[in-house]
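Next, two complexes with chain A in common: one pairs it with chain B, the other with chain C.
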Partner chain A sequence: MVALAVILSDLLFGMMLGCVFAVVAHGLNLIWGVVKVVNIAHGEFIMLGAYGAYFLNVFGGFNPLLSAVVDGALGIFVGYAFYFSFLHRELRGKERITLRSEMVTLVSTFGLSLFMSNLAVVAFTGDFVGINWSPGTVALGFLELPLGALYVTILAVLIISTSVVFLDRTYIGNAIKAYSQDITATQLVGANPTKVASLATALGFSITMAGGALLTVWIPTGINPYMGALYAPISFVIVVLGGPGKMLGSLLGGLTLGVVIDVLQAFVPVSLAYAVAFLLLIPVLLFRPEGIVK
Partner chain B sequence: MTLLVEGISTGYGETQVLYDVSLRTEDRSLTVMVGPNGAGKSTTLRTITGLQRVWRGRVGFDGNDITSLPAFARVELGMASAPEGRRLFPLLTTEGNLRLGAYCRRARDSAEDSLSQVYSLFPKLKERRSIKAGRLSGGEQQMAAIGRALMSKPTLLILDEPSLGIAPILIKEIFETVKELEKGGLSILMVEQNAYQALKYADYAYILQMGRVLRSGTPSELKNVEELRKAYFSIV
Partner chain C sequence: MRIAGLGVTFFGLLALMLLLLILPFAFPFSTSVILINLLFYTALAYSINFITGMTGYVSFGHVVFLGIGAYALGASADVYGLDPVLGVLLGAALGLVFALAIGLVTLRFRGVYFAISTVVIALAALNIVLELPQLGGSQGIILNLGFQPYSWYYTIWGIVLFEMLITYYINRGKLGLGIRAIKSDEDAARSVGVNVSALKLYLFGLSGLFAGAGGAVFAWTTSGVFPYETFSLTFSLQMLAMIIIGGVGTSLGPILGAVVVYLPSYYFLTVAIGTQLIIIGFAVVVIALFIPEGIVGTLKRRSASLRELLE
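Coming up: the complex of A and B.
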C-alpha cells in the first residue's frame, strides 16, 4: 500500500513537472521546427523568464502565475527583437533554409548564450534566489498535492493547447506550419514570409519565457545565472523525444522526461537522475529519429 | 490584357537564363508556352510570380508595374500559381492545403464557397480531403495544386507543366478542366512540355528556346512551324 502510494505520487509529480518542462521545450520546438534555428541561447531565455518572475515577485508581489503572463507578453517583444537582429539577415529572401544559415545562427546564438549568462552574473549576482509562494495543499486520496504546482500544471497545459489550437485553426497559424514545410509555396499562397517567421519566433520566445516563470515553482531556491545550462539540455532532449516540429510532441516528450526523472530520483541522487534521463536520447535517436510521436 | 512581360532578362548567380523575353496574356484566354527542357519556361514563370528578381525588363499586371513587388503581394492582386513540382505542403491534409490557398484577404470571406467549387471541379479531392497531401498520387497532387491556386480567386492562373508525371488518361482531363476554367472567365498562362496536346487547347502560344522567345502566334499559325519541331530536337 505504501509502496503503491510512493509510485503513484512519483508518477503524478513527474507528470506535473513534465508539463512545465514541456512548456519551455515547446518554445524551443516552435523556433527549431519553423525557422530551423537551433537556439543555443534557449536556456538563457528560460533564465530571463525565471528572473522576471523573481523580480516581479520582489517588487510587485506577483505570484509566478501572473508573472508567467507578464513574461509571455515581454517574450513577444524579445522574440521579435531576436528575429530581426539575429535571423532576418540570414532568412530574408531565402527559398530554403540552407545548412550554412543554420550554422551561422547556431554560432551566433552560442555567442548570445555566453553573453547573457555572464551578463546575468554581473546584473543579478551569482546568488541562488527563489520565490516564496505557497498557496497551500489539497488532499487527493492519500496524496497531499501542493496547490502551487497544480495551478502551474494547469497553466502549462493551457499554454501548450492554446498554441496548438492557434496553429491548427487560424490562417496565420496554418501559414506558420506551411512555412516550416515549404517557404516558397508559403509565399505563393500569399503569406509574407517575414511576417510568418518573425511571429513564430516571437511565439516561441513568449512561451519559453512564460515557461521560465512557471519553472520557479519547482525550483524554490534555484534561480541563478547558470540555470540555463540545465534547462536547455532538458528542452533539447524533450524536443528530440517528441520529434522536432511536432507540436504535441513537446507535451508527450515533457511528460516522459518528467516521469523518468522523478521516478529515477527515488533510487539515485538527483544529478544522476538527470544524467540517466539524458541517456534516453540515444535509443530514441537510434531507433526513432523522427521522435516518439508518429 | 492582364499580364504584360516586357523584355525581361534574368538568371541564376552569374549565369544568364532569360534573354529579353516578352509575352502577354488576354482576359478569358489560355496562353501556352512550350519549349524544350532547360529553355527557361519555369524561370519565366518565376519572374512573373515574383520568386525571381529580373535583371532587366518589367512585369505589368492589370496596368500596374509589379516588377519589384514581392511574390506574396502579387497573390493579393489576383495572380495565383501551381508551380513546378506542385509544391504542396506534404504534412497538411488536402483540405488544409486548399484552405491555405484562401490566405489572402480578398479570398478569405468566400473560402467556404471556393472550397465547394474546387470540390465540384475535382470530386476526387473531396474524397481525399483528410489525407496528407504528401500521400496523394501525382494526378491528385496536381489537382490539389490547381485547386489551391483557385482558392485565392485569381484573375490570372499560372500553371507549370500540369501534365508532368500524370497518367495519360488524366492529362486530357486536366487540360479539359483548364479549358473549362478559361470559359469561366479566367486568364490562364500554362507552360507545357506536352506541346502538341497543349496547343490543341491554346488560344495563343509562345515557343521558348534557350531563354529566348523563338516564335509566337495562334496554334494554327504555329502548327506546321519548322521551329516547333526544331525547338524540340536541336537541344538534344
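Coming up: the complex of A and C.
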C-alpha cells in the first residue's frame, strides 16, 4: 500500500513536472513547426521570462501566474523583434528554408544565447534567486498536492490546448498552419507570408516567456542567468519526442520526459535520470523521426 | 606563385610554426604561458573546423571530446602514473574512438537534428561522469604533475602542426573536392559517387581525435580535471566562435579566429569574465547574419589578388 502510494505520487508529480516542461517547450515547437527554425537561444528566453516573473514579484508583488500573463504580452514584442532581426533576411521570398539558411539561424541564435546569458550575469548578477510563493496544499486522498504546482499544470494545459484551438478554428490560425505546409500556396490564397511567419514567431515567444514565468513555481531557488543551458536541451528533447510541429506533441513529449525523470529518480541518482532523459532523443530520431506517436 | 604545388598560405603557416618553435627561448616565461593558451585554442579551433567548418554539420557539443581527452589523461596519470605525453596520446585515441561511435549514429541526422543531438550527448556525458566515483564524481581528479611549461608548449605545438598539415592536405586535394560537395549539396554529392557517410565519419573522427588530444593537454596544464569545467558548453561555443569569425572550412581561418578571440579576451580578463563572452556572442551574431564567410572568406571575395594567396 505504501509502495503503491509512492509510485502513484511519483507518477503524478512526474506528470505535473511534464506539463510545465511541455509549456516551456511549446513555444519552440510552434516556431520549429511553422517557420522551420530552431532557436538555440530558446533557453535564454525562458530565463528572461523567469527573471520577468522574479522582478514583477519583487517590485510589484505579482505571483508567477499573473506574471505569466505580463510575460506573455511582452513576449509578443520580443518575438516580433527576433523575427525581423534574425529570421526575416533568411526567410523573405523563399519557398522553403535552405540548409544554408538553417545554418545561419543556428549559428546566429547560438551567438545570441552566449550574448544574452552573459549579459544577464552583468545585469542580474550570477546569484540564484527565487520567488517565495506558496498558496498552500490540497489533500487528494492520501496525496498532498501543492496548489501552486496544480495551478501551473492547469494553466500549462490550458495554454497548449488554446493554441491548438486557435490554429484549427481561426482564419489566421489556419493561415499559420498553411504556411507550415506550403509557403507558395499560402501566398496564392492571399495571405502575406511575412505577416504569418512573424505572427507565429511572436506567439511562440509569448508562450516561451510565459512558460518561463510558470517554471519559477517549480524552481523556488533556481532562477539564474545560465538556467537556459538546462531548459533549452530539455525543450529540444520534448519537441523531438512529440514531433516538431505537432502542437499536442509538446504535451506528449513533456509528459514522457517528466515521468521518465521522476520515475528513474526512484532508482538511480538524479543526474543519471537526466542523462537517460537527454539520450532518449537519439533512438527517437533514429527510429521515429516524426515523433513517438504518428 | 607556387612551389611544388604548395601556395603562399602553406609557407606562411609553416613560417609561423617555425617562429613559434623558437619563440619560447626568446621571450620570458609569462609570454610562453600566453602562447600555450593561444595554441590550445588554435588546436580546438582546427579540431571543430574538420567537421563543422568543412561539412557544415554544426557540432554544438564538441566539448564532449575535450572532456574525454581530459579524463583520459587525468585517470591514467592519477591511477597508473602514466607519463603525461602518453596520456595525451591516450586522450587522442579515446577522442577518436568516441567520435567514431557517436558519429556512426549522429551523422545520419541532418542540419538542426545533428546539432541538437550533439548538445544532448555532451550534457548526458557530464551527467554520467558526475556519477562515476572512479573518475572522482563531482569532485573531479586533482593531479600533481608539476609546472612543465616546455613540455606543455611543444606538445600542443605538435598537435597544432599536425592539424594544420592535415587541414591543408584535405583542402588542397581530391578529398577536399568531395567534402565541399557534401557541404553544398549532400544528396547531389552522393549521387555522383562521393562516399558521403565515410567522408563525414572520417572528418568527425579526426575532429574527435584532436579535441581529445587538446583536452588532455588542458588537464595536464591545469593539473586537474573538473567535470563542470571540462564539459562546459562554453568551450564548444568558443571553438565555434573562433572558426566562424576566422572563416569556416579554410586552412587559415581557425588560427586567425583563435588569435582574434583569444588575445583580446586575455587582455580583458581583468575587466570581467562575462564581458568577453558578451562581446564574442555579439560578434558571432553579426558575423553569422552579415558576413557568414568570416575574415578569410570575406577577404577572398573582396580582392582578386588575395583570392590566390589565402586558402
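Here is the rule we go by: the second predicted complex is superposed on the first by the 294 of 294 C-alpha atoms of A that agree within 3 Å, B and C clash if a C-alpha of one lies under 4 Å from a C-alpha of the other, contacts with A are read in each partner's own complex, and residues count from 1 in each chain.
What we mean here is this: a residue touches a chain if its C-beta (ideal position, glycine included) is under 8 Å from a C-beta of that chain, and two chains touch if they have at least 3 such contacts.
If you're wondering where the values come from, they're calculated on a predicted model, not measured in any experiment.
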When chain B and chain C are modelled together on chain A, clash or fit: fit
First, second, both or neither for A:Gly190, with chain B first and chain C second: first
Touched partner set for A:Asp182, first chain B, second chain C, both or neither: first
Contact breadth on chain A, by residue count: chain C or chain B: C
Which of chain B and chain C A:Leu272 touches, first, second, both or neither: second
Which of chain B and chain C A:Ala139 touches, first, second, both or neither: neither
First (chain B), second (chain C), both or neither touched by A:Ala3: neither
First (chain B), second (chain C), both or neither touched by A:Phe110: second
Touching partner for A:Val240 - first (chain B), second (chain C), both, neither: second
Smallest separation in angstrom, by C-alpha atoms, between chain B and chain C in the superposition: 18
Shared contact residues on chain A - chain B and chain C: none
Residues of chain A defined as touching chain B within the complex: 95, 171, 174-175, 177-178, 181-182, 184-185, 187-193
Chain C residues within the chain A interface of the complex: 56, 58, 60, 105-106, 108-113, 115-117, 119-121, 123-125, 127-128, 130-131, 233, 237, 240-241, 244, 272, 274-275, 277-278, 280-289, 292
Complex interface listing, chain A residues touching chain C: 38, 40, 86, 89, 99, 102-104, 106-108, 110-116, 118-119, 121-122, 229, 232-233, 236-237, 240, 268-269, 271-272, 274-276, 278-279, 281-282, 285-286, 289
Complex contacts: residues of chain B adjacent to chain A: 49-51, 70-73, 75-76, 80-81, 83, 87-92, 96, 99-101, 103-104, 108, 148, 152
